[in-house]
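Two complexes are shown next, each including chain A; its partner changes from chain B in the first to chain C in the second.
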Partner chain A sequence: MTKAKIRYFFAYAFLILVSFISVFPLLWMLISATNTSLDVIRGKMSFGTALVDNFKQLVQTTQIGQALINSFRNAFVLTIMSLLVCSLAGYAFEIYHDKWKDGVMKLLLLSMMVPFAATMIPLFTWFGKMNLINTTAGFMLPSISTAFLIFLFRQSSRSFPYEIVEAARLEGMSEIRIFTRIFVPIMKPTYAAAITVTFMNAWNSYLWPLVILQDKKSQTMPILISNLISGYTINYGVLMLAVSISTLPTILIFFVLQKNFTEGITGAVK
Partner chain B sequence: MKRKLLSVTLMIAMVACLFTGCSKNDGSSKTGSNNAGSKTSDQVTLTVWCWDPKFNCFAMDTAGEIYAKDHPNVKVEVIETAWNDIQTKLTTAVTGQSNTLPDIILMQDNALAKNIINYPDAFFDLTNSGIKFDQFASFKTALGTVNGKNYSVPFDNGAAITCYRTDILEQAGYTIDDFTNITWKEFIEKGKVVLEKTGKPLLSNQAGSPDLLMLMMQSAGAWVLDENGKPNFKDNAVLKEVIDTYVELEKSGVLVEVNDWDQYVSSINSTTVAGAMNGCWIIATVTSAADQSGLWGVTNIPKLSCAGATNYSSQGGSSWLVCANSKNKDVAADFLGATFGGSVELYETILPSSGALATYLPAGESAAYAKPQDFFRGDTIYLKITEYASKVPQVSYGVYNYEARDAIGTAITKIVAGTDYNTAISEAQKELEFQMGQ
Partner chain C sequence: MKIRLPLEKRRKLVSWLFLLPATLLIAGMSFYPMIKAFLLSFTKGFGKTSEFVGTYNYQRLFQDSLFKTALGNTFIYLIIQVPLMLILALILASLLNNPKIKCKGLFRTMIFLPCATSLVSYSIIFRSMFALDGFANSVLMNLNVINKPINWIGEIWPARIIIILAITWRWTGYNMIFYLSGLQNIDPQIYESAKIDGASASQQFRKITIPLLKPIILLTAIMSTNGTLQLFDETKNLTNGGPANMTISISQYIYKLSFEYSPQFGYAATISFIVFLLVAVLSFLQMKVGDKRD
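For the complex of A and B:
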């Protein structure tokens, strides 16, 4: 065996090992979803026959359908609104010139350093006074405009050819049309990245929905899973099935947009 | 131009729909969503936050059904909420001065004093509500009593028990009686024999978890905070004995440390260990291994050698509180008094299917509690546990109970790893004093 072959052998062996370690928790989650709680506890590592029973129990003891609808609606609406606001902001920060814009951008970036837990109680008090508790608007408003997304769109806009904007203006196109007809199609990869990040964050968000959506019918998937863990006896099979179901939409979104996500996050513009 | 105007109008309409159409706010917060008013015939919905659908939620739903027989206008709506989430929502609502709290909250006993003292205006004083507090185990009533006022209706029994695999004890030449009313010294000696003959440690415990230590402390009527709520670590002879006992348990191999709760449950169900010592709610975990039916036995815990030591203690447990800003607080108090504080029928109904054990002492006299349990070799374990609950020494957990427990948890990790007792305990006391702002 040549030196190069030995090097390849070890490289591939290492990559296979690391891939297995990465995929193992997901695999274990899926295996556990098909086993009884006792089998999971006893460390059974092969697929079982309890999937249907676990599903029946999950449907009977929780409102998983409602939680899925709630999570999907919240994540979908928030993603649309967030993209609308943040892409406009990111575009404006780069294309329009104002002496204050760098200062405002720095302030926005600084705001990323403040943990949400620190602002949660003042926000909650404020939203309570505005009668926004138990409303989708109450859930969305704090996350519609995020410094990260604005920064992402602003950075991507830097590689957006400014000459196109000038040419379009000369042709008499309105600013809105330049944004919707030229900027949006060119920035597709950035939008894909933003959709992935925002949808995942909204889908997995826990603390804010917990306090702002207190109605029984507003329960989201992360809160449903939290309730499944809080029992005195945890049914691990049912729990893993709920986690598997909850993971599916984010996996789906990620795989569909995977290619664009990588390009978008690095700020590439074709 | 018309098209542009139409587009803008449609966009505004869409955004407006998103905000208003998806809105769930029907103008009624949970608190007082139905004003009971003065008329008893008014429809009242009591909203309740509690966790575990098979246990607490089931008990509350059953109580609602029992109460509705005499009060058809009162409905109970249970909103399943994990305990940690209840604490977060409670803190947010009280600090944010919002009226989003429900009518009734279930609270872990360990956090009762902290929340009642920190948020004195958040909970309704039940002292003169007609609830017969003297009919509950006294240590449970004491946990929810602050400045002589009763704020909580005791529910879930946390009386400590030890479950043993009798078949494994028999292999070592012992019976369950050999482990009843014993001292920790005897427990360790017998545990060594069991380990030698069967290869099984008697107990498991999460590494760094203070639960077992606190259980031992309370069995002697002692605590890690004094009567003024100040740290009581240094020169605490009971704490010294507790830690020495734990270290000996661990060093002798009679107790094996595991990494987390899942491994703890696994060690019990997989027979890695021959026993489990915890609050009586651990029965639900033990009995989940249905194939081990008839192999388990239940008895009390070992006692320390110090003055005031007993074979009885408590771990965990929970109680019901009525929120002060509930518009239905009188109805809520009457409901709790008539059900959890007055209905043997309720406890008889919930015991067989949920295993929810009462601290309401008259419930112990019902036939359901005297029924032999096949899983525990036909023993009347529920009668046993009710009797244990009546003998648990009272202690005052104090406001900084969780912080004190965590400090002890850190100390025991260091001590087991070889740090000197005095050094570790001094550090724990300093850490707690820092957290208390002293």
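For the complex of A and C:
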């Protein structure tokens, strides 16, 4: 073998190894969801027949239906609000650019440095006074406006042709209509990227829901599966089924995300 | 001209109205509570019984061994995990950017796939796989690699290593995408002419790839550092801070102080302010180092 061939052999071996390690835990999760707890512990690596039993037990012992509804509702409402607020801001920062707005943008980016642990306690006591505990509003308020999304929309607005705005103004279109009728449709790819990222973050968020969604009725999927491991005996089959159910929506989104996310990053990195 | 001026003014007003909701929300949900937390850090008790205690909470930090453990753990994760992950991501990205490698899309998808799992989900998957009576021990014992089960999560260093492995598993593909995006913006002709000049693959990597990707490496380093300093979901769900709090993260300690023990919001706020300072200082340092031209 030539030197180059050996090098390619190692490159492929490395890529295959890393790919295998990346996929394996997820495969294990799916396989375990179909096995009994004992089979999971024994290290059985083939699909079993316990899926239905696991499902029955999951439904009987937890309020998974309620948790799924809560998770979907929270993530859905947050995504819509977040996109509305952040895309409007990102658009305004770029299209009506002036040096004052540059200053505001810099200030907003500073918020990325504020760790959530630091704001959690004051927010919790504040929301307590406003009766927002156990509500969707309480869940979503802290994450509607994020510097990351505003930045993403500002960066992609750079490629938006400004002449269109001027032409529309000559036609007598109002500023808000230019945004909703022209900008939003043209920026569909950016919106797609923003939707996937926001929905996934909302679906997966854990620390804040743990603090603000305290009663069983308002709990979301991450809290539900986290509670499953707090008992003395853990039924691994049931646990992995719950984890699989909670991961399924994001895996589906992932295949959309992959393309959008990559494009979004490429646009922002340029 | 008479009509134009008010129109300009109106547009200006509209532009600020567009910014208003986003700006107000960030100010109200981020900066205002941050200031509140800072003020809270000088108090003890809460609500009506709250009293000003000066720097008492800050002095308490120095005697608090659990705080020191949490801080130490966070630095262990930071120093080992972040470089490990970023180097791995960089190597994978440059391999996948090589035009001669086949099945790139497939490899990329598989390596990026862990990003689809939530922090709670993958923590629980890893916890289950590495449980004392779990999958990893069963397989290793069946293969006669070990003769008695390893207590992965019940012992300090194995538990820390599992946490580091888990985070690396989840985030390497994410960072790889950033590097791939950066690499695609590099003109392939630079590599072509380097090859003609006789530069080896590792020379090309060190002399072209790394310098040109520097801004993105900086970005990913800052993001990962921030993420690690705020680590919560993983330690809570993988080890629950155990054994004996030896893997606890700062955020988890803050959570415990506020919501598991009898609430000590003032002291918890003090620690959260330390996290803020660490994030700010480390980001600043990284920017300083990253901006240096050599």
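Keep in mind that, in the parts below, the second predicted complex is superposed on the first by the 240 of 270 C-alpha atoms of A that agree within 3 Å, B and C clash if a C-alpha of one lies under 4 Å from a C-alpha of the other, contacts with A are read in each partner's own complex, and residues count from 1 in each chain.
In the analysis below, a residue touches a chain if its C-beta (ideal position, glycine included) is under 8 Å from a C-beta of that chain, and two chains touch if they have at least 3 such contacts.
All values derive from a computational prediction rather than experimental measurement.
Taken together in the superposed arrangement on chain A, chain B and chain C clash.
When both complexes are overlaid on chain A, the residue A:41 reaches chain B and chain C alike. In the superposition on chain A, A:27 makes contact with neither chain B nor chain C.
With both structures placed on the common chain, the touch criterion links A:89 to chain C but leaves chain B unconnected. A simple residue count on chain A separates chain B from chain C, and the partner touching more is C. In the superposition on chain A, contact of A:136 is made with chain B only, not with chain C. Touch criterion met: A:227 reaches chain B, while chain C stays clear of it.
Once the two complexes are laid over each other on the shared chain, residue contacts for A:69 go to neither chain B nor chain C.
When the two structures are aligned on the shared chain, A:120 is found in touch with chain B and with chain C. In the superposition on chain A, A:217 contacts chain B only, with no contact to chain C. Look at A:108: by the touch rule set out above, it reaches chain C but stays clear of chain B. When both complexes are aligned on chain A by C-alpha atoms, chain A residues 41-43, 120-122, 124-125, 207, 210-211, 226, 229, 234, 236 touch chain B in the first and chain C in the second. Remark: chain A residues 37-38, 41-43, 61-62, 73, 77, 81, 120-122, 124-125, 128, 131-138, 207, 210-211, 213-218, 223, 226-227, 229-234, 236 touch chain B in the complex. Within the complex, the chain C residues that touch chain A are 11-12, 14-16, 18-19, 21-23, 25-26, 29-34, 36-37, 40, 46, 88, 91-92, 95-96, 98, 100-101, 106-107, 109-122, 124-129, 131, 133-135, 138-139, 142, 169, 172-173, 177-178, 180-182, 184-185, 201, 216, 226, 229-230, 232-233, 236-237, 250-251, 254-255, 258-259, 265, 268-269, 271-273, 275-276, 279-280, 283. Residue ranges on chain A touching chain C, taken from their complex, read 7-8, 11-12, 14-15, 18-19, 21-23, 25-26, 28-29, 32, 40-43, 85-86, 88-89, 91-93, 95-96, 101, 104, 108, 111-126, 141-147, 150, 175-176, 179, 200, 203-204, 206-207, 210-211, 222, 225-226, 228-229, 234, 236, 239-240, 243, 246-247, 250-251, 253-254, 257-258, 261-262, 265-266, 269-270.
Chain B makes touch with chain A in their complex at residues 15, 18-20, 22-25, 27, 29-30, 51-55, 77, 79-85, 88-89, 92-93, 95-98, 100, 262, 265-266, 269-270, 281, 284-285, 288-289.
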